[in-house]
Amino acid sequence: MKFVRNAWYVAGWASEFDRKLRRFTILGDDIVMYRGEDDKVCALRDRCPHRQLPLSKGHLMAGDAIQCGYHGLTFDKAGACIRAPGQDNIPKTSVHAYPVHEKNRIVWIWMGEAALADPDDIFSLPEFADPQWHAHQGDALHLKSHYLNVAENLVDPAHVSFVHPTTLGNAASEDVPVHADVDGDVIVAWRWIRDAPPVGFFQKFGGFSGNVDRWHYYYLHLPSIAVIDFGSADAALNLPEDKRHEGVRVFALHFLTPVDETNTIDRWMHLRNVAIDDENVSQSMDAMFRVAFNEDKEILEAIQLEELKPQHHRPVRLAIDKGPNVYRSRIEKLLHAEEAATEGWAQAETG
Amino acid sequence: MKFVRNAWYVAGWASEFDRKLRRFTILGDDIVMYRGEDDKVCALRDRCPHRQLPLSKGHLMAGDAIQCGYHGLTFDKAGACIRAPGQDNIPKTSVHAYPVHEKNRIVWIWMGEAALADPDDIFSLPEFADPQWHAHQGDALHLKSHYLNVAENLVDPAHVSFVHPTTLGNAASEDVPVHADVDGDVIVAWRWIRDAPPVGFFQKFGGFSGNVDRWHYYYLHLPSIAVIDFGSADAALNLPEDKRHEGVRVFALHFLTPVDETNTIDRWMHLRNVAIDDENVSQSMDAMFRVAFNEDKEILEAIQLEELKPQHHRPVRLAIDKGPNVYRSRIEKLLHAEEAATEGWAQAETG
Amino acid sequence: MKFVRNAWYVAGWASEFDRKLRRFTILGDDIVMYRGEDDKVCALRDRCPHRQLPLSKGHLMAGDAIQCGYHGLTFDKAGACIRAPGQDNIPKTSVHAYPVHEKNRIVWIWMGEAALADPDDIFSLPEFADPQWHAHQGDALHLKSHYLNVAENLVDPAHVSFVHPTTLGNAASEDVPVHADVDGDVIVAWRWIRDAPPVGFFQKFGGFSGNVDRWHYYYLHLPSIAVIDFGSADAALNLPEDKRHEGVRVFALHFLTPVDETNTIDRWMHLRNVAIDDENVSQSMDAMFRVAFNEDKEILEAIQLEELKPQHHRPVRLAIDKGPNVYRSRIEKLLHAEEAATEGWAQAETG
């Protein structure tokens, strides 16, 4: 399984972790996670090196150690073996401990070289701390599809007209061209639909009835976090691009966690600059998001099934594919860079 | 997957098609089928060449075009791309359109080279148009077995004594030898059981109680259509082979559609020269056929499971295998001929 | 699939066999088994050599012959073909007949070279015939795990402290070292826990409340039968090893039948030197065994799932692994010996 490993991924909402040993599968790795006595989340490879029993089937002991449920081999939260029942000497063995960091009520996990893990690199958004904005966590959507299929859908403004006709898109945007650009580790694809009827979402939450200017900015933070900045403003204002905060504006966030080659978890949430602290609006928006994201799920799972079948033709590429094309090519580059670095280490070790 | 492709297969009963987009899988190909505005059935490869979404998940548009449900790429019923939202030029892409023809309330599809498709080659039987005969459609039986297993069962008179002891066979025929012959694309295997008690089917529908002459003629039209001509007449008449129309005679038809390597659909129906237009008899015969064909299904699915396991011995061949042996050898020849033709084209193209 | 074939395996409890044709899968072989007219159990390879239908889907005929359910090919209980309907000559074909022997209300089957099968080699235990002992059959536990995983658990005294803390083990034994030895085809691993609180099982069935001496002797009869001799005696007696019969003593027997690479049946029973003929105690012990053996099942099935995943590290070995280590190395030797013998025969045949 090829995944970008030197990155912070979302392991879960903070609320998903407690003193119970739970198994999470991320990038194909099985990981046991739990909160330590200091409330910090611990993450160990979920397989005892003795007889391979998942440690999550064992017991959490004093001092946050895990005792294997088969023969009692015990590991501290840093992964070091600290007890082997029936013998005095401690065997030279350990399990991998993954760097973990909690931020914005989200638990982040570093899947690559532990030495490279820097919490300052974790995804951030100033609006989390801005009192003019309201942040609301949604659901964890499980998709039976490779994360690249899911991610490219999140840097693709063109699909909304066809997949989400009752919520996020409508026919007015069908033929509006897409722009795309890259800024460091962020790809952005966007388009404005000027002076057109509002989509269902903004009829409901913007209170618009007449024509609006509508924007969709899809920011894809490599490898797999999306911020979709979308909103509307009265068409009479002729809002310039950099004045979007004057309109009704929503950031839909998608934190994609690749589970394995054919499964992805999309933890989604939103921030908005209207209806601050109004829980009813939060619930109501979630309901509309659920409709839209289940429409995506149906498409993305159907695509996955086709990809597993024999391929006879190269896929045709369209003008609207700018965002997905840039995205996939950047992921390839990251994978090659990690591969080269691994080979470099291997040579240094044996050379 | 190796299948004979240059042939008309049954896609479905005419009643299975309407204005809804439906996916059918035939010879491993996924195909979207629907009735056009002129009521004729259309069949396109069910995969958008852009991002591989099945077209059956899209929308049927005016003029019988299909719009993909992901980004709106649109194809006419001949498979040509006619619209790509977000760009003016139409990409040079298409999906395969399968020749389709409706005949005898059955929809036929040509799975090979479209240029070779000739509706005159579709299976025909004069009795469909004969007022002395009654035609009645039965069910679509799904079997988890390779179509060759199912087809050989339909050119095999010997199994009825053991598999269908209460309906189509009985002990009287256990040791009666089987004859087999070939006439063009039709293989026939047959036997007569003279002066013996009637089987359950003809006790019920022929009204026989005393001894009868009974015949089973299994006509296998390559690659996968069977006509089983079976019937009985009072043994006192000593009916010659060519006077079968004077007895109570039934044609059981089986249209086999290979789905993939381990699945087959058997759409079965019958024609009979008694009880014309008597719907009660039709239903009553269907009930008896269902008993018999489910007996076959149990056998053929069990065999499939064994075939998927390691094979340690060459199967033993028996005298009763004449029909199946000829059938499998003819299928091999057809496959080799198609393979050679394909290589010929490839050489002509590159040479 | 590599299994030790020249051995008597348990096919089932005697009560599992009657005049019905039943399929059993043992070492990956499908076998049809049934009681003959003389009440002796017959076992044939469950696949007709004609069209591969399982013979278990056919019919049991007079004289214990089986008639195939497809075309009536018939085999006697020694596996010889005795009838082929539709032809006078009997084809030269047969199905393998497995040697079978019934002993101690258990049906044993020989999976290797028939010429080597000697009923005197079947597992025996003098206590079966000793009126001072009571024998009671338990259940057939199906485990989704390779039999080597299950068997090594039965030559491993160390796991009971961690897997069975409420029944067969407790914390007092966690750090007591394990001894192991080999005597012919029997591996034994054992330990004594002296002067410690009794485990749940002997609190209940020994009536102990004060400290006891407790022993666990795990005898593994190659390839896959375990006798676990465990018991307790008042610590004040300071019971020597060879006076165990003076304590409360139980033999838990496990007859492992490898089904295939990932499935095993454990038919378990016990003998005891207390509460002779007391059916309530039998039921009550079974209830406690079920708790314990389901704890093993959970562990052993979880391990199997891990073993099917990619392996990145060599497993660490511990001091407590003496029994399992000896066991696996002896199994390897048996497999190599059988392989060499097979090659020897092959050379003798072709040389």
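As written, the chains take the letters A, B and C, and residue 1 is the first residue of each chain.
Note that contacts are C-beta pairs under 8 Å (C-beta built on N, C-alpha and C of every residue); 3 or more make two chains touch, one makes a residue touch a chain.
As the structure is a computational prediction, the values presented were derived from the model and not from experiment.
**Student:** Count the residue numbers both chain A and chain B use at their shared interface, divide by all numbers used there, and answer same if that is over half, different if under half.
**Tutor:** Chain A and chain B contact each other through largely non-matching residue numbers.
**Student:** Fit chain A onto chain C over the CA trace and report the rotation angle, somewhere between 0 and 180 degrees, nearest 5.
**Tutor:** Value: 120 degrees, nearest 5.
**Student:** Go ahead and note the Å separation of the Cα centroids belonging to chain A and chain B.
**Tutor:** That gives a centre separation of 49 Å.
**Student:** Could you pull out the residues of chain B that touch at least 2 other chains?
**Tutor:** Not one residue in chain B touches at least two other chains.
**Student:** In the complex of these two chains, what residues of chain B are touching chain C?
**Tutor:** Chain B reaches chain C through residues 158-159, 161-163, 174-178, 298-299, 302-303, 306-307, 309, 313, 315-320.
**Student:** Please name which positions on chain B make contact with chain A in the complex.
**Tutor:** Per the touch definition, chain B meets chain A at residues 30, 47, 49-54, 57, 67-73, 84-87, 91, 93.
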